[in-house]
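Two complexes, one shared chain (chain A), two partners (chain B, chain C).
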Partner chain A sequence: MGFALTTEQFDAFLAGLARDYDIYAPKRLAGKGAFSGTDLIAYAPVQSLAEIVFDRKTFYSPKEILLPISQTLFYFTEEAYREPQQQQRPVIIFLRPCDVHAVKRLDQIYLHNGDQADPYYRERREKVKFFVMECTEGFDSCFCVSMGTNRTGEYAVFLRLEADRVLCDARPEFTPALAAYGREAPFTPAFIEQNKISVKTPEKIAPAVYGHPLWSEYDSRCIACGRCNVCCPTCTCFTMQDIFYEDNPRCGERRRVWAGCMIDGFTDLAGGHSFRNKYGERMRFKALHKVYDFKKRFGDHMCVGCGRCDDVCPEYISFSRIINRLAEVSDDE
Partner chain B sequence: MNNPYLPVKAKILDIQKQTAIDYTFRLAAGLHVQSGQFVELSIPRVGEAPISVSDFGDGFIEMTIRRVGKLTNVVHELKPGEELFIRGPYGHGFPLEQFRGRHLVVAAGGTGLAPVKSVLNRYYHNPEEVKSLNLLAGFKSPADVLFAAELEKWAQKFSVTVTVDKGDENWTGNVGLITGYVQKLVLSNPAGTQVIVVGPPLMMKFTIREILGLGVPPENIWVSFERKMCCGLGKCGHCKIGDTYVCLDGPVFNYTRAGQLVD
Partner chain C sequence: MDVNTKKIIKNAWRVTKERGVTCLRIRVPGGHLEVKYLDLLKEIAEKYGNGTVHLTTRQGFEIPGIQMNKIDEINQMLAPVIQGLEMELGVPVTDETAGYPAAGTRNVAACIGNRVCPFANFDTTKLAGKVEALIYPNDFHVKIAISGCPNDCIKGHLHDIGVMGMVEPVYNQQRCIGCQACVKNCRQVSTGALSFVNYKVRRDPLRCTGCGECVLKCPAAAWTRGKQSYRLVIMGRTGKKNPRLARPFLEWADETVVLQVIKNMYAYIDRHIDRSLPKEHVGYIVDRTGYPVFREEALAGVTLNPEARVAAWMDWSGYRYERTSNMV
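Moving on to the complex of A and B:
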């Protein structure tokens, strides 16, 4: 059902929601950008419409709300261990259609890969509501249309920001709240239909593609910093880490922390073996995971075409170009 | 919540020193294990690592652990009566049904012998389950030979060839890479022979090449992969190769699948 709210009405609506929900949205963090004097657009708690950034893409994705960078799995003392108190409050996330699809990819790994769902992820995931921000123009590095992630029906509320009002399409759960602050108005969500960039994903990967010279360029161009991994809304990997407290070394905690396939140490085994030591091999592994392997296993591509990896790469490596080159050499082989 | 990450305590019943750096730990654990599966072994505040179960029986499991890292350095300092933490078992083991009534060749390099030890013990106790069994075990040096007592015991019931890459003045046995001894195998019926190959990546690669050269079809070859595995549950991503998760789909694979996997 459609609603129209003035900015003030929308803020009142948010304030009402804040009683029951933690609300996260793209926010401008002044001075936190990678370059001096620049701002970082990232996910943070918000209280008003003015704080929510609609005209920029976030540097980091919303995944950290569901999957903290470092998450304690349990605390231990000498004799016992106990699980941490989970967050109790439900969460609203303002995000774009591609990011909704990205959360579905996280679901695939954390809930459906193997026969045991991840209880920590599930706990948080069940409490999340999506408020989808209309995206009809996109940004320079986006290629969601090619990846089929430009549309989504999976939202609690869908919003369009106009000059002095917000148009919303709400699922029944949120219609009473919106009706209390705004007025009913016809509204049909729109989606982006064309990006500046389009990609063609490979249909079939021939064995020769694994050793193709295409990858060797990245041996030197990529510096294995892993920014693409941490900014990717669909990268899910983690490493287990035990720590103990300085004050009492007999007590500590087991955590999981984000890990990335581009970063040194990802495949290291005790005893010295490791795999994919060349950065080009890591690039090949990541590319195939995002646009081939994941689909083979689960049915959808992992990459959602958000383009964040291109935005953040310090070496100006373009993932959309990698996908197209991969498709080209796959057709040739 | 039902939390698969929470380990359970397991008391160390016994520790057998195999070599200077490989100890076999027997833990009290009532797990239902298949040969070839692994557990996540940990000491809270030190760390957790995947370790293959080398043997198991009523109320116990055994793991042969090499002292090579942060966790295993501490594990090696423990004494019987102390406790370790385990969760699992995880993964798919060896398809013993496929071996029933067939010729079986086991080629193991170094610690690769650990994950197949329970298979060998099974056929030691039930030799009628396979038509023949031929074990080739390669080690770096005489000091690295694992399960020396078992190797002698097994040799009473089936063919056992032990070789070391480099001997010493006291070594009177075979010297040379395991691949050389695979070449010398005489298989009466290659198509009816099942083969297990477990060891370091290069050893597996070249041993499989020799096995295929003997006329054994790829679908008769079974391998076990060692990878970093932080969860054992298909979530952490470290063990993924292509569309395959070693922790879920392996660690034991048929070569028709394993041969397609590019790290």
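Moving on to the complex of A and C:
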């Protein structure tokens, strides 16, 4: 059902929601960019429409709201352990269509991979509502259309920002609240139908692709900083850390912390062995996981084409170019 | 030919090796200028000079090969440069058609800073402009240089005052993925102020130089920028007697403190300079009065910000040319 709200009405609507929800949206964090005098566009709690950034893509994805970067799974003493109390309030996330698809990839890994759902993830996931921000122009690095993630129907509310008002399409759950603040107005969500970048994903991977010289370029270009993993809305890897408190090493906690396949230490094994020491080999692993293996196993590509990995790479390595080159050499082989 | 050499030197003109020929020194505070000024410099060099300019270490231009009898004429032409590069910064100039009002205090140099350099912690050119407005025109021979970070690309360590940008890195352990990029890098390029304890990062604030490298290296924004401040190194110099690298005088000092200290240094020079000499550099004055007197007078009336730290004593480095006994 469609609604139109003035900026003031929308702020009142948000204030109403804030009684029951934590509201996260893309926000300009002043002075928090890595370079001096720059801002960071990232997910943070918001209270008003003016705080929500519509004209920039976030550096980090909304993944961190569902899957904390560092999360304590349980505390332990010599004879007992105990999970932290989850006090998660329901959450509203303002996000774009590609990011909605990205959350589905997280669901795939944390809820539908094997017969056990991850309880920590489920606890948060069940409390999340999506407010989808209309995306019809996209950004320079996006390739959601090629990945089929440009459209989504999975939202509680869909919004279009206009000069002095917001148009919304709402599911029944939110129609009373919207009706209370705004007025009914016909509105059909629009989606982006063409990006500046398009990719072709490989249909089949010939064994020769594994040793193909395409990867060795990244041995020297990539610095294994892991920004592409950390900002990716679909990277789901984590590592475990057992912490023994310094004051009393007989108790401690186990944490789950994000990890990334491009970063040193990801494949370290007992005895000091490690796979994929070369950065090109890591890139091959990542690329094949994002646009081949995942689909083979679950039916959709893991990569949703958000383009963040392109945006954040300090070495200007373009992942969309890697996908296209991968498809080219796969077709050739 | 009658020329008052003292007067023309103060007016930023040189007495050169060639009789009757002078060279004009142009100041570019902060080393950054709009290219429109280059047209005028080119015109002077082509019409009055020998068609060349020299780029100085102080980020100015020297226009050589000019006849001394053209000084007044060229001073007139210089008005737009003096207006645009000095008066617009707030430098008090009474007659912009009379050339540079002083030449003792040299151009305030700056590295390219955060207008371009990713390592820079602030806008160096902008601060250079503020310093220029504070201390120029002045006849005391003082050299000041400003760097965006402790890399000190402008080599403030060879200046009477070197200013370097610092930033307090702020750690959010919730965002840390334990990749140790910051820890390894700090050890490699800076001071090894970071250690990895229980899978999280610990910073030794006494060791940290505030370079901001950890913020740049962190893939997860676990380190972000906190308060921006400055390190002041003092009394570095080259010269024919006793070259030395500057030593840290202040750390984590804010802009107000830095500007006040620079201002106070001029009052200190005024009080202690040996006027029997043609000129005396501030470093040699400090050699005479001792560091404690300098410190007291440089900090007179200054309210230090709470984070600021001051050198309790000075352990001057450097060597004396006449004692280079390793020369055999």
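Keep this in mind: the second predicted complex is superposed on the first by the 332 of 333 C-alpha atoms of A that agree within 3 Å, B and C clash if a C-alpha of one lies under 4 Å from a C-alpha of the other, contacts with A are read in each partner's own complex, and residues count from 1 in each chain.
Going forward, contacts are C-beta pairs under 8 Å (C-beta built on N, C-alpha and C of every residue); 3 or more make two chains touch, one makes a residue touch a chain.
Because the structure is a prediction, the values reported are computed rather than measured.
After superposition on chain A, the partners chain B and chain C are accommodated together without colliding. When the shared chain is aligned, chain B comes close enough to touch A:F275, but chain C does not.
Contact comparison for chain A: of chain B and chain C, B touches the greater number of residues.
Once the two complexes are laid over each other on the shared chain, residue contacts for A:A34 go to chain C alone; chain B is not touched.
In the superposition on chain A, A:R227 makes contact with chain C only, not with chain B. Of the two partner chains placed by superposition, only chain B is touched by A:Y110; chain C is not. Of the two partner chains placed by the overlay, chain B and chain C both lie in contact with A:A259. Computed from Cα centres after superposition, the angle at chain A between chain B and chain C reads 110 degrees (steps of 10). In the superposed model, A:I243 lies in contact with both chain B and chain C. In the superposed model, A:S70 lies in contact with chain C only, and not with chain B.
With both structures placed on the common chain, the touch criterion links A:R297 to chain B but leaves chain C unconnected. Closest contact between chain B and chain C, by C-alpha atoms in the overlaid model: 10 Å. On chain A, the surface touched by chain B in one complex and the surface touched by chain C in the other have residues 239, 241, 243-244, 259 in common. By the touch criterion stated above, chain B contacts chain A in their complex at residues 1-6, 42-49, 66, 68-72, 200-201, 226-228, 230-231, 233-238, 240, 242-243, 245, 247-248, 260, 262-263.
Chain A contributes residues 73-74, 76, 81, 83, 109-110, 113-114, 116, 118-120, 123, 207, 210, 236-244, 249-252, 254, 256, 259, 261, 266-273, 275-276, 281, 285, 288-289, 293-294, 296-297 to its touches with chain B in the complex.
Those residues of chain A whose C-beta lies close enough to touch chain C in the complex are 31-37, 40, 42, 59-60, 68-70, 225-227, 229-231, 239, 241, 243-246, 255, 257-260, 263-265. Across the interface of their complex, chain A is touched by residues 114, 118, 120-123, 148, 165, 167, 173-179, 181, 197-199, 212, 215-222, 224-225, 228 of chain C.
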